[in-house]
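In what comes next, chain A is part of two complexes: it sits with chain B in the first one and with chain C in the second one.
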Partner chain A sequence: MSEIKKIKNLKEFSTSADRFEGANLLCPGCAHSIIVREVLNATNDDMILSAATGCLEVCTAVYPYTSWDASWIHIGFENGSTAVAGAEAMHKALKNKGRLKQDRDPKFVSFAGDGASYDIGFQWISGCFERGHDMMHVVLDNEVYANTGGQRSSSTPIGSSATTSPAGRISYGEKQNKKDMLAIMAAHGSPYVAQVAPNKWKNMIKAIQHGFEVEGPVFINAMSACTTEWKFAPEDTIAISDLATDSLVFPLYEIINGEKLNITYRPKNVVPVEEYLAAQGRFKHLFKDQYKYLIKEWQERVDQKWDYLQRREEASV
Partner chain B sequence: MENNGWNEFEIGAMLRSFDGAATNIATTHTEDRNYSNSNSFTASVADWRIEKPLFNKDYCIDCQFCWIYCPDMSIISRDKKMIGVDMDHCKGCGICVEVCPTNPKSLLMYAEQQDEDVALAEWPEKETKEK
Partner chain C sequence: MAFDKMELRDIEVWDGNFAAAQAMRQAQIDVVAAYPITPSTPIVEGYAKFLADGYVEGEFVMVESEHAAMSGCIGAAAAGGRVATATSSQGFALMVETLYQSSGMRLPIVLNVVNRALAAPLNVNGDHSDMYLGRDSGWIQLDAYSPQEAYDLNFIAFKVSEDHDVRLPCMVHQDGFMTSHTAQGVKTFTDDVAYGFVGEYKPMNDMLDLDHPVTHGVQTEEDWHFEHKARQHNDLMTKVMPKIQEVFDAFEELSGRKYNIVEKYDMDDADVAVVCMGTSVETAREVAKEMRADGIKAGVVGIRVLRPYPFAEIIEALKDIKAIAALDRSSPNGAPGMLFNELAGALFNTDSKAALSGYVYGLGGRDLTKAHLVDLYKELQANADAGKVLTPLQQFIGVRGPKLAYL
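Presenting the complex of A and B:
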């Protein structure tokens, strides 16, 4: 195993050389590339990457350009994870036979949006985790199919207005709650699953490096604030992410070996969920009198979840 | 570079990021890399910008918040120092200005046609808190 890159503080981290290039076509202020940068810069090892169809893939591989300075592959919407799993199996086989030209162990990472992980690629990811490949699956969770114009995915939270679940006179938008993907992946017996956010970079780097360190399939759910579909100004990406983590709408925690849950970030001042909702255009309709009860329900749901996480951490199960 | 039409483009195409062999890219900064023509680094998105960030190094404390949160790899940092903005790849989103903690901010958004020297000469003064 190669050495873990030492990152004590941001100044030291800033000496990293990016392996993800500019002039990609992601929207200004997109959190996707902040996440990708933090993942790629967490290690100095070679990387074998894939991206499932989604914003990240269509924006970074527009013919005749590529924005990736590492081996990168795209195949289909659903099988980004299996492409990397296949590469990992190949690497292992060649290594066992002593036929590797270079004696270096790369890191295997597949990127996918929430659509390609929660819905379309779910079966494939489940397969990779069941077979126990030594890889990492990073979900760029923007809670909507942003690439195709904002259709709801099973990650879209209640009350959000998406193009296939629009808010109006009769409906308040999306009616199903977000899928608890972390619990599902932890139940696969994965050695490490974690929920991270790019605005808490230190927390995120720690999670990623831990994920690289352990052997086996690692699942990382990274919140990616989407300026286009969440409807906020591009410069507010970090502010909105801060609101999401501080209001506990997006709690940061990890589950080790499918059983031990740790909360990795506890906000000093918990912000009411209302502030998080008010900052985004997709929840604008919730502030009409007829839908105001939903904000109260949101708060209750978030409190309940936080309470549940704390109880699990305390009991260390 | 050769431009192919969609029907001349082979299925399963491969693009190379660098010319020739590339090793230890993770420790090589952009100026020492041998980019190929198919690397998006050689392209520019400068025409996306309406406003551009200007950098005043007098107030910078090298906290590197702008570097970590820049989505376009456009903050150039070398040896733990922030040295400037890469105007070829900056899309003008303004995140760097929002996360800048100094007072006054050492990065500010200006209209694209703003002259840099004039902006630096007229940089805002430190804001004092009203009690």
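Presenting the complex of A and C:
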């Protein structure tokens, strides 16, 4: 049984003991560290963690330093999920054989970016979920290969200017819609998948704690606003995140056992998608006359998705 | 949890795959993460059946690819327990990234590699292309020539790999089909004796020691990467061979079966020698004996430990030989063969006056026949008599069409 942390307010939360040290090399304003701290602070249980190659990894374990006060492993770009799955299998084996040094059950969590989850690590995650390891995979979804300088991934939204899908004289940038990973992972029969955002920290903690309580592979897609690649000022991370959740570009919801969808956050005042786009350099070109139709299409897509989510919630499917 | 010992006859008739699977069972592995591929599949199947019948207590994770198999092994080994798996050929190639990662992270893992050709063209039969692909990966590589050796070397591999001075992963190679699917008599250990030899797993830097968190798989750039790689190389060059010898000695004491870092057959008075690996060693041994009836003092050198490379032992084994043939069972694709180069590298600064020639043979499972070796030994004798290589330095044996020879 997991030991869930009781958190009364943000002050208490932000000052609670860290297993992820503030001493790291992430950019000022990077949402990764906020998300990681929220995950690690959601439980008092021991943790076995992994990170896929990416910003989080290169910024937190540069020899001879480490930012992790919990056991942590990095192997490669694509296989962080399987690293944790292997450790989880070892825990099970040693527990059965009575050879655990401490008779405690840690939480197994893999962190990976959207590139390492939606693209190159997709098969490994799918394998872990199909096999039903008792673990949580957390995507730090900044919608781009940020660690290598802003190449598009299959999470990059349409119209975004990425370095391998740049906006140019005759192009509006990325041409494909963002892959719906939550639906794919829910279709694996995962007991719990959720989309969360660090600005809605109570909502996020609730989702993480629920994920820790259920047995089996849990998938968390956490929006991670990227000051460097989304191109906004480092002090605006939470403001941009608020625009994402309140415009419903990034709706917060969960799917239980692959079959019951709940919307977990309903903004009181829905802001236009245009405001979200206008606040970031990666969408700047969309405001030229020739591409303004794309902003309209964005709004329509967001409205349609929100409508779809509401209908599913209402029908309890 | 159900976990029964298995009663074995003193001598069982096993192929190389089943011998390896039995050794894995007896080593009481904590986690096997595996993916099937011809011709190593029966190792994984055999292990699965042991599990299904209650003879294995550990976790068996059937993953979705060989890359994931080794990734899972890495996570499990870092967590702190005994880990092993098996693969061949394309699966081995898919694993390559993780082979470098596991050795660089200094994790003891035993990998049974049932040697098979690499596509294209696709081919399921035995050659040494996959074994050669692994030779710079930082693993220890042991080569079995028979099912008995595949069985024995697994125990030796665990003991060397898991030693705290070594902590490097270890491959046990056997030839696809020729060893893996050819049943022979295998002298067995009881489960207790086998496990007693391998011993309890002693964890080090284990992630599951929850009171002492560890960080595995860090980033190093130009400031520290070289030192890490140099240290790994240093340990392979200085610590591994003495440990292997120590374990070989202990194994001989237990079983009476003697293994050597470099195997020498009829080498005491030999003038000419074939150096090769895998099942070819046995064929060459037979032919060498027959050549002696024809007045050719023929010998055979088998590479038992491919990595770390037995530089000193090779020099010693070949010091008085007049003509040497290096037999490479992998296409060098635009270069002399690996064994040719490595023998040349070992002998170059010695007093050896040996005429060294290279032969590429057996690709994709093509047979190396006794007739091939008879011809080869005759060429070696001619080289020995002339005091130089009379043929091109690189020849192909057994390939159809016009004779291929280079250099």
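Simple rule for what comes next: the second predicted complex is superposed on the first by the 311 of 317 C-alpha atoms of A that agree within 3 Å, B and C clash if a C-alpha of one lies under 4 Å from a C-alpha of the other, contacts with A are read in each partner's own complex, and residues count from 1 in each chain.
Here is the rule we use: a residue touches a chain if its C-beta (ideal position, glycine included) is under 8 Å from a C-beta of that chain, and two chains touch if they have at least 3 such contacts.
Fair warning: this is a prediction, and the values are worked out from it, not measured in the lab.
Enquirer: In the overlay, answer first, second, both or neither for which of chain B and chain C A:63 touches.
Expert: In the superposed model, A:63 contacts both chain B and chain C.
Enquirer: What is the contact status of A:123 with respect to chain B (first) and chain C (second): first, second, both, or neither?
Expert: A:123 contacts chain C only, not chain B.
Enquirer: Answer with first, second, both or neither: which of chain B and chain C does A:166 touch in the superposed model?
Expert: A:166 sits against neither chain B nor chain C.
Enquirer: If we overlay the two complexes on their shared chain A, which of chain B and chain C does A:235 touch? Say first, second, both or neither.
Expert: First partner only.
Enquirer: Tell me which partner A:23 touches in the superposition: chain B (first), chain C (second), both or neither.
Expert: first
Enquirer: When the two structures are overlaid on chain A, which partner does A:149 contact: first (chain B), second (chain C), both, or neither?
Expert: neither
Enquirer: Determine, under the contact definition given at the top, whether A:94 touches first (chain B), second (chain C), both, or neither.
Expert: Only chain C is touched by A:94; chain B is not.
Enquirer: Should A:281 be classified as contacting the first partner (chain B), the second (chain C), both, or neither?
Expert: A:281 sits against neither chain B nor chain C.
Enquirer: Touching chain B and also chain C: which chain A residues?
Expert: Common interface on chain A, chain B vs chain C: 46, 61-64, 66, 68-70.
Enquirer: Enumerate the contact residues on chain A facing chain B in the complex.
Expert: Counting only chain A, the residues touching chain B are 10-26, 28-34, 37-38, 43-46, 60-70, 198-199, 201, 227, 233-239.
Enquirer: Where on chain C is chain A touching in the complex?
Expert: Against chain A, chain C makes touches at 1, 30-31, 33, 57-59, 61-65, 67-68, 71-81, 83, 97-98, 101, 105, 203, 206-211, 213-221, 224, 228.
Enquirer: Please name which positions on chain A make contact with chain C in the complex.
Expert: Within the complex, chain A touches chain C at residues 46, 48, 50, 57-58, 61-64, 66, 68-76, 78-79, 82-94, 96-97, 99-102, 104, 106, 123-124, 126-127, 130-131.
Enquirer: What residues on chain B touch chain A, complex-wise?
Expert: 1, 3-4, 9, 13, 15, 17-18, 22, 25-30, 33, 37-45, 48, 62-65, 67-74, 77-80, 82, 86, 88-95, 97-99
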